[in-house]
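Some structures are shown below for you to check.
One chain, subunit A, appears in both complexes that follow, with subunit B as partner in the first and subunit C in the second.
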Partner chain A sequence: MAPAKVPPGHFPILYFAAAASFTGKSTEHLAAPLPLGRLFATLDEKYPGIRQKVLDSCAVTVNLAYVDMEGEEAADQKLVIQEGDEVAIIPPVSSG
Partner chain B sequence: MAAVSVIELLRQQISTCEAQLASLRQQLAEAEHLHRQQQQGLQLKRMEEQTRHNTASTSLVHDMSYGIHDDFRSEIFAALSHPEEENVPPRRWPLENSEYKRYGRQLIMPEIGLQGQLRLKQASVLIVGVGGLGCPAAAYLVGAGVGTVGLIDGDVVEESNLHRQILHSTARVGMTKVDSAIVALSSLNPNVNLVAHPARLTPESSLSIMQDYDLVLDCTDNPASRYLISDTCVLLGKPLVSASALRTEGQLMVLNNPPLPPGGANGGPCYRCIFPKPPAFETVVSCGEGGILGPVVGTMGVLQALETIKVLSRGVKGLAANGTTSPEPPTLTMFSAYGSPMFRTIRLRGRRQTCASCGAKATVTPEALKSGSLDYALFCGSVAPVDALTANERISVDNYAKIRTEANPFTGSQPSNDSHILIDVREGVQFDLCSLEGSVNIPFSEISRTPLKPMREDVAGNHDATPEEGWVAALRSHPEKPIFVICRLGNDSQLTVKKMKALGLDNGGKRWIGDIKGGLRAWRENVDQDFPDY
Partner chain C sequence: MSTTEPSTYTPSIPSNPITRTTPTIHIELTPHPLNPSHATHFVRSPSAGATVLFIGTTRDNFNDLPVASLAYTSYTPLAMATLYSIAEHMLQKHSLVKIAIVHKLGECPVGEESIVIAVSAAHRREAWRAGEEALEETKRRVEIWKLERFVGGEGVWRANRDGVMGRRVEEEGEGEGEGGKEG
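On to the complex of A and B.
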């Protein structure tokens, strides 16, 4: 899914379900380092409207671990996405 | 031509009705049969004769019903013919001989063993939703010998369900999903107690229905149900095995495990802990709208059965009572059928301190749930049809059909010379299935991605917006032609009209832009019956 090589100074981001539909892609590379608290704003600049329509309800993971975007976990607020970290945007899928 | 298609249609309808009738007769025969057995349990010999006589004279009874009856009958006979003996010697083996045989392949595995099988037999699980997830989950749980399996669903079987909902059949189209599943499951394993709840789960009914079960499987298809089921599981202290699927992707979580009371910090997280905010309702896509591949949703349902067997065979009651942490930390398993890797396992956190459902200051209470003050539909946004436009921005399919035929009898052959522009905003794959002559395809996903203001180049200098702008420029180049927008059901078309106007494509009101009410469904119903219904 992710392109083979991550260019220096970037991190791969994976989009699932509604996030993939909105961005029209399943993965891309963004510039690192990026504070976690800036992630949604960065994406909303790139894809206007995505924050309110998709991101606000999404789970976010960094290197396959769930991170808190509600601002409750102090450690997550200080987290900075580093070069090569794998970030995933996971919207709730409700159908079945 | 028309007469031929009518004849064909009638033939199809007759064969469908005949199949339904045969299936109903089969159900009736089974129900009557069971009823008789219960009523006349003590008059064994006479009943046996009567049964033989009945089945011999009822030629329409399906073969499968013999299997169910024979098994049920022999069990009842066995139970009734040794009423005194049962009290005297204790059973020699903990399981019936037939159970050793039936479950032998899993019994010899250390993960299950005799203890695990007994736990499965004593357990009761509720499957909410008997569709693409619920069917395979139910099949494996009933096959594995879970003692009691409850099934809740308010829908009936439709033809478009059959490619993935493996318990249902062509003959049972029109039957309730719960009844159809029970026909299939009771022939798979007659030893399981199947409980039918042929209705939708509601906030008023969820506590009373779910309290009788040890574990719940969320196999539903909408956000409101997912929050309702999770909240109820937390209140009742039941572990929840939740899965979902859409298109080529699926998600799986074991929630509220261990199922400690709200505020119990060592309890497993609930659905609200993982997804505190529901998705924006306009982004929620159903399998009917977005599509679903059978094996994708099947995989997720099978994994639900697997996780359920793991939790039950380990002993769910012990977990709740002694408050130990689950042997496995909570995870979210993501399945992407076309991805590499296909599976990703995400480590989840424990309970969210501030969770409205399982946190220390939970606001979701049994009283709030029962009184209906928790409005799940409202919480998850409106699911009502879009009503975004005024009457003079809309046209009925009948009037649009007149415009097509009266304005230009050759409409469609040369759309560029046409009096108007017809935009079909369904996704490309659907447009390729069938479309109106002369219509131009601009997928709604592309339209909704198009920014209202010209996009700046991003840091890396990418021109991501260039292709999206293409369709806007193309429409601008014909500023005088009215634009008609059509989609599958008439929702996306309205949102497109709003967006086109916001982009200024109506030249300040000089150009008419509107949607065709009810979309291609209405077109099929009122204008062209041959237009495919997919």
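On to the complex of A and C.
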């Protein structure tokens, strides 16, 4: 699922469900390091409208752990995505 | 949240079942048809007086719109971890003997099983409760997404928490969604 080879200075980002539909891809590489607080803005520059239409109702994981994207004082807003970190955009789930 | 999807979209899915099994927990994500009797057999135990089996099957309509087909995709490593943590929690909270949760990935024809949950406990009360809670927790948390394709139309990514096609979700936990199927 994650791309086999990540170029130096980049991190893989995975898109699922509505996020994959909007970007038209399931994965790609973005430049690292990237402050977590800049992630949604970066994606919205690349895919205009994705923030309002998709990302605002999505969660985010970094290396399979959920990070807090809400609130300015959230500790995770200081987190910086590093080279090789696996980031995923998690839309509302629909199993069952 | 749901967004429209061209009918040609094909989510990538593993070609073989992904499983995690301990003596008391069996978790599986599989592209193959589900076999409820396997789950029942796994949880059978001489110390259990009650086994509860839930089978969720895909429904042929959503709000009276005919559903042609459904497909499930997942963030597999995270979905496996979440399923396992739900199973562990149910085992402890309801004093279960064993628990099995199996979910379909990829195409799931209408009317076929998409999820199977089997739990066993010493007595029926724990088994009933754990079976229901395991399903609700799975639907709420596990990183699996359902794509519904309507007859003669596009596909829609369902979200369990809204349950209304095309509606944006403003607040977490608002409303209880049911799309396209009973599970």
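FYI, the second predicted complex is superposed on the first by the 89 of 96 C-alpha atoms of A that agree within 3 Å, B and C clash if a C-alpha of one lies under 4 Å from a C-alpha of the other, contacts with A are read in each partner's own complex, and residues count from 1 in each chain.
Rule of thumb we're sticking to: a residue touches a chain if its C-beta (ideal position, glycine included) is under 8 Å from a C-beta of that chain, and two chains touch if they have at least 3 such contacts.
Predicted, not measured: the structure shown is a model, and the values here were computed from it.
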item	value
Which superposed partner A:53 touches (first subunit B, second subunit C, both, neither)	both
Partner contacting more residues of subunit A (subunit B vs subunit C)	B
Partner chain(s) touched by A:8 [first = subunit B, second = subunit C, both, neither]	neither
First (subunit B), second (subunit C), both or neither touched by A:96	both
Touched partner set for A:26, first subunit B, second subunit C, both or neither	both
Which superposed partner A:16 touches (first subunit B, second subunit C, both, neither)	both
Touched partner set for A:68, first subunit B, second subunit C, both or neither	first
Overlap of the subunit B and subunit C footprints on subunit A, listed as residue numbers	1, 16-18, 21-22, 26, 53-54, 57, 61, 64, 88, 90-96
Interfacial residue positions of subunit B with respect to subunit A in the complex	129, 131-133, 219-223, 225-226, 243-247, 249-251, 274-280, 282-287, 290, 292, 297, 300-301, 332, 334, 336, 339-340, 344-349, 352-354, 445-446, 448-449, 451-453, 455, 458-460, 464
Residues of subunit C that touch subunit A when the two form their complex	1-5, 9, 11-12, 56, 72-79, 81, 103, 114-115, 135, 138-147, 157-162, 168-169, 177, 179, 181, 183
In the complex, subunit A residues that touch subunit B	1, 16-18, 21-24, 26, 31, 45-49, 52-54, 56-57, 59, 61, 64-66, 68, 70, 72-73, 88, 90-96
Contacting residues of subunit A [partner subunit C, same complex]	1, 14, 16-18, 20-22, 26, 53-54, 57, 61, 64, 88, 90-96
